[in-house]
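Each of the next two complexes has chain A plus one other chain: chain B in the first, chain C in the second.
Now for the complex of A and B:
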């Protein structure tokens, strides 16, 4: 197979390996699975997902039921004590993960769709289209972490669709950059040129020639962005601008119960551990995938 | 024009354009309101026509939109960001002064402590790469990078402020009337939280670039000359390895401007981050605009400085070749 394009590859750019026509990302997943960190991350993630999905069926109480005096320490009837209103902490922990997963995954998907589309267009079109897309993304990039989401929440209020959309848009620039870098690399190759030469429409080339061949870097990017989505969604709930009371949500629980951290630490400790374990597990998977893709032991900057 | 100067001017121009576009976004966001800002702020009270009209005039909503934007931008340029909608309606800039000083101190201390530590850790794990030390640092970095800042902060509060030891204050209610120097204990936990959050990014990047440099020919040459391994590292390899890291350092500090939001909120630290949370919760639009603009400007300017430094430091770019 002859490969066009430059022979020197900047390792900091995410690079698609020699084009294998089919299921490139499957190879990456299989290789990543050989790394211990991927397995640990995956097992943790699935366990937490199971808690979030099925925890509610084994919860002893209703998440809004008052079961005892506020901030009671753990006893036999409520294993993790009660929260600031006297609701069962264990029940609320079992209910409170679903929102984190649903919102986090939705925000990541939105970011991926927007970012990948812009990156593909930018990398294929080049010149002024490329320039203007990249400048536009620089503007989005200038709003650090949850600031963009906060700007719009201040206007429209803490609507969930708005938060998910804004977190997704915040991810867009970095996803687009990765996609663009990989696309530029690929567009120079013969098989893409050949497709263009025989008159295959641009959209078909991007979706069926380019996209399958950059699936590995995009998979890694998905893992990374998922980690950050969860961080940002939890942060927004923590500062009171995400999920609203009386919802059971890990981020919100930390905020509601932290005033009594000395009296009844379990109402804070339990959601803190779960959020921490979730973001760490997502990052372990992302790192495993990234290492498998690079094929070498090289750190990718996580930002 | 010499190519170096040209490159600098282009970069500077792009930075300015970005800033201008950021201001358009910040301004335009308020236009997304159903109805208008005055109605949203007054809520049910907007039935009171006199108050509604007065607020509209105060927010300059009675003028055409381009007019509103240019007069707002002119105000920003003069340092006049309007009046807060909360309380006595003091000037935003007056309200923000002590918050900006507090946050700047916080970020400065966090950067001052985290960057040397991160460089040391990064360099050492590069020298001993794939050793046990490197692996432990790697897993530590990976976990710290993944943890939300407020989770790190709460763990610190639990350990050092409340449940385990009671050494440090867990609420950092810095007082604007007493000099900052006499309130430094209040800074310890927020600063440590930010330090732990920044170290992974900088040290991972430095490790990667140091490994690359250590494998280069000129480092081999230095070794062949018989220089000691530590001299090779600190005098020959590190100065070059830091160049790509400058970007990451700048981005990390800029990220601190956003990362302080949850940390300041957690510790009730009176800075711009906690200020933004309050302003958003109160729907204090002029305050939100001012703070968002400030944080974005910090990000753009720091990136600009990093790019210019990178251009000036790296010989390949200095001669105008890319």
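Now for the complex of A and C:
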């Protein structure tokens, strides 16, 4: 054994206990949770989600029921007053959140799937495939996202799936860019070459070698894009391209009731506050995650 | 030189550095002095706290570390108690720092001339701009760089690695400091450039009486430079003494093991790594931290830290058994790594059985031709070393053979007489299996999100049809081949040391049962002690499995211990080729002689 490596590792060191190691995104989430901003954001988000999901069960009226004269100020029987048709504002607020959540989250997911796929392919392929994908995305990026959505919605009519798809597509270029940047850096590492050298198929390399290594920036991106989705969906509802009357929707409510903002401000202010709170909460969580990922507030802990 | 107390320039007393929130010690009780014009080599493995100790001489600590006690004095000035503008005058004025990675240390957005002038301005050197410009020109002469305006107007990225390092040395020397701290300034450079930089440092210290602290993990590098050497282990100085005395008669077992790990360019001998690895801060034992790895350990070692003793006025030692070690007397656990010379018992067929043959290969990197008609053969059971500086095309050739070169290649590369396709996807599975590539950096070649089990399962899954138990059995077997325990299977790469990672990378290559193993600078990221262990392992593996090896390196000293044949490459061509002993003992080409002369190795008087 004098020449061999048999004696080179001390078995005592090998069996030494090793701290439990988590997946990267779990580490990021746990670290983000230590930040106050993440906790505040999370609590706000959960509270708003609860309102959106369960608010309808405690609503005093039906959202389409006429309960009093239009634009009545709050009274004991309708706490937030009535809207332009005399429906209860509180009821409509309690009903109107679900669409914002469902549409916002699904649009973000669509954007993530499209953007991450294109970013991975583009970052790994390089050369002309990379160039063509990125330039194509630049074209999408060149349209203001709301204008892009308006264009298609005005052609095909205000369909919900179309709105979700268009919001998702408008996210695609930015998500693809983030993914591509992270991928390019990883592809330069030797373990990707090592996998290619033994003949691992490209798809497997992208999904199992590269993707797990970029989960943290993607998680941050998801949080950020969720914020924008909510804003865009609310904005599209406001300009009349999203949810259609008589549906209860926070964005739509702002539009319907804005003419009387001086007379009955609550019909506008209540959904504005909720949309604002929702974007702030999503943003706080995204910010917490990105800080945790970059180690900005990390305790100077031992490796 | 060291007799008079008055010529002490820098004194460090009882320096103690801790991690800030946790209070874990990085360095403890570090004391030494440096005399006028003296070069002190501070040597230790990774995580021994040597860089932390070195930067604290400038009262600087990286984030998370804190100087908890001790005293650093330069010519009577207390550095650690200085702050604000006084500290700024000390840094760069009295004592300066040359970083490890010059490319990262220079500001990429500033021209060289402006960066150098910035140092002079910051310390209000001289009295006029003309005087400062004169000094700037003088500095460029001192570090042997051109002094003309065209050169000074360049940006750092327009300079070579050696030139960048010279610029940082010029910056450090700008205000004629008393002491410069050099933190492994040649680690990123190849041997020729390294030799030039070392020459520059030596000349500067000699001619201007500047003292230097040279931090490195490689004793061979300081052998040609340092007057005295301090050996650091786990945050404590364990031995300090004049260079020649330490090389010929070290008292500390650790110093002896470090010396045994240095490859010798002149004589053939087996390299001996040090078992285990240096403990990181927080994982250190009470008593002498080297105890678990020490052949000379006794019970007392694990519990009590040995006192600082002075065998003679010039030397200091911290070891309970230094008297025994000096005499080679008393009980020991096993033979020290200075034993028999390198006996090559690897199977060595005389029949000419070519495994890989490369004929007239010309390859481009992007559009530039980097290999010009290279031909070489690798025979069965043999190890061929490819040696050259960076940019000589040695890695390109290795990658062409492995099918990992994504640019234009002309000429033929054959495996067992059959021409290989240019890139791996076009090769057959058997061909991909036959040639396995081990990458330079084990920090980059292992996916950080995969456990050792997943890493090893990949080649086994692709090349062999094994069931669950069979795969598991095979994994344990290859881990055994690289001398690792099966308990590592569930670990992630970040939970392993550099040497262990490289072993995993080797195990992954072995799992494919290759005919040819291509090792691309596999030790260049590792400490010298770990390098020796990896070389030991590779030689052992070749003996056992009879795999043919292509060993790419820039370190000529290594190849005697591992290779049968050597091909010396320069600027994309093979300039000399032959048996290792023949080439190294009697080089035929000037370029080989130059490389040999530049390779740091043990001083002549302490060859084993």
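Remarks
Operating definition for what follows: the second predicted complex is superposed on the first by the 273 of 303 C-alpha atoms of A that agree within 3 Å, B and C clash if a C-alpha of one lies under 4 Å from a C-alpha of the other, contacts with A are read in each partner's own complex, and residues count from 1 in each chain.
What we mean here is this: a residue touches a chain if its C-beta (ideal position, glycine included) is under 8 Å from a C-beta of that chain, and two chains touch if they have at least 3 such contacts.
Remember, predicted model here, so these are calculated numbers, not experimental data.
In the superposed model, A:82 lies in contact with neither chain B nor chain C.
Contact with chain C, but none with chain B, is seen for A:189 once the two complexes are overlaid on the shared chain.
Here chain B and chain C are compared by how many residues of chain A each touches, and B touches more. In the superposition on chain A, A:38 contacts neither chain B nor chain C. After overlaying the two complexes on the shared chain, residue contacts for A:155 are found with chain B alone; chain C is out of touch. In the superposition on chain A, contact of A:213 is made with chain C only, not with chain B. When the two complexes are overlaid on their common chain A, residue A:265 makes contact with chain B while staying clear of chain C.
In the superposed pair of complexes, A:197 makes contact with chain C only, with no contact to chain B. Judged by the document's definition of touching, chain A residues 11-12, 299, 301-303 lie at the interface with chain B and also at the interface with chain C.
Note for the complex: chain A touches chain B at residues 11-12, 37, 135-136, 138-139, 141-147, 150-156, 227, 231, 234-235, 238-241, 254, 258, 261-262, 265, 268-269, 272, 275-276, 279-280, 282-284, 287, 297-299, 301-303. By the touch rule above, chain C contacts chain A in their complex via residues 19-22, 24, 63-64, 270, 273, 275-277, 280-282, 292-293, 334-335, 339-340, 343, 345, 402-404, 424-425, 427, 429, 432-433, 436-437, 439-441, 444-449, 458-459, 462-463, 482-485, 487-488, 491-492, 494-495, 500, 503, 505, 508, 512, 533, 536-537, 539-540, 543.
The touching residues of chain A, counted against chain C in their complex, run 2-15, 18-19, 21, 23-24, 189-191, 193-200, 209, 212-213, 299-303. On the side of chain B, the complex with chain A involves touching residues 14, 17-19, 21-22, 25-26, 29-30, 32-34, 37, 40, 129-130, 138-139, 142-143, 145-151, 154-155, 157-158, 162-163, 170, 200-201, 204-205, 207-208, 211-212, 244, 248, 251-252, 254-255, 257-259, 261-262, 265-266, 276-277, 279-281, 283, 285, 288, 292, 295-296, 299-300.
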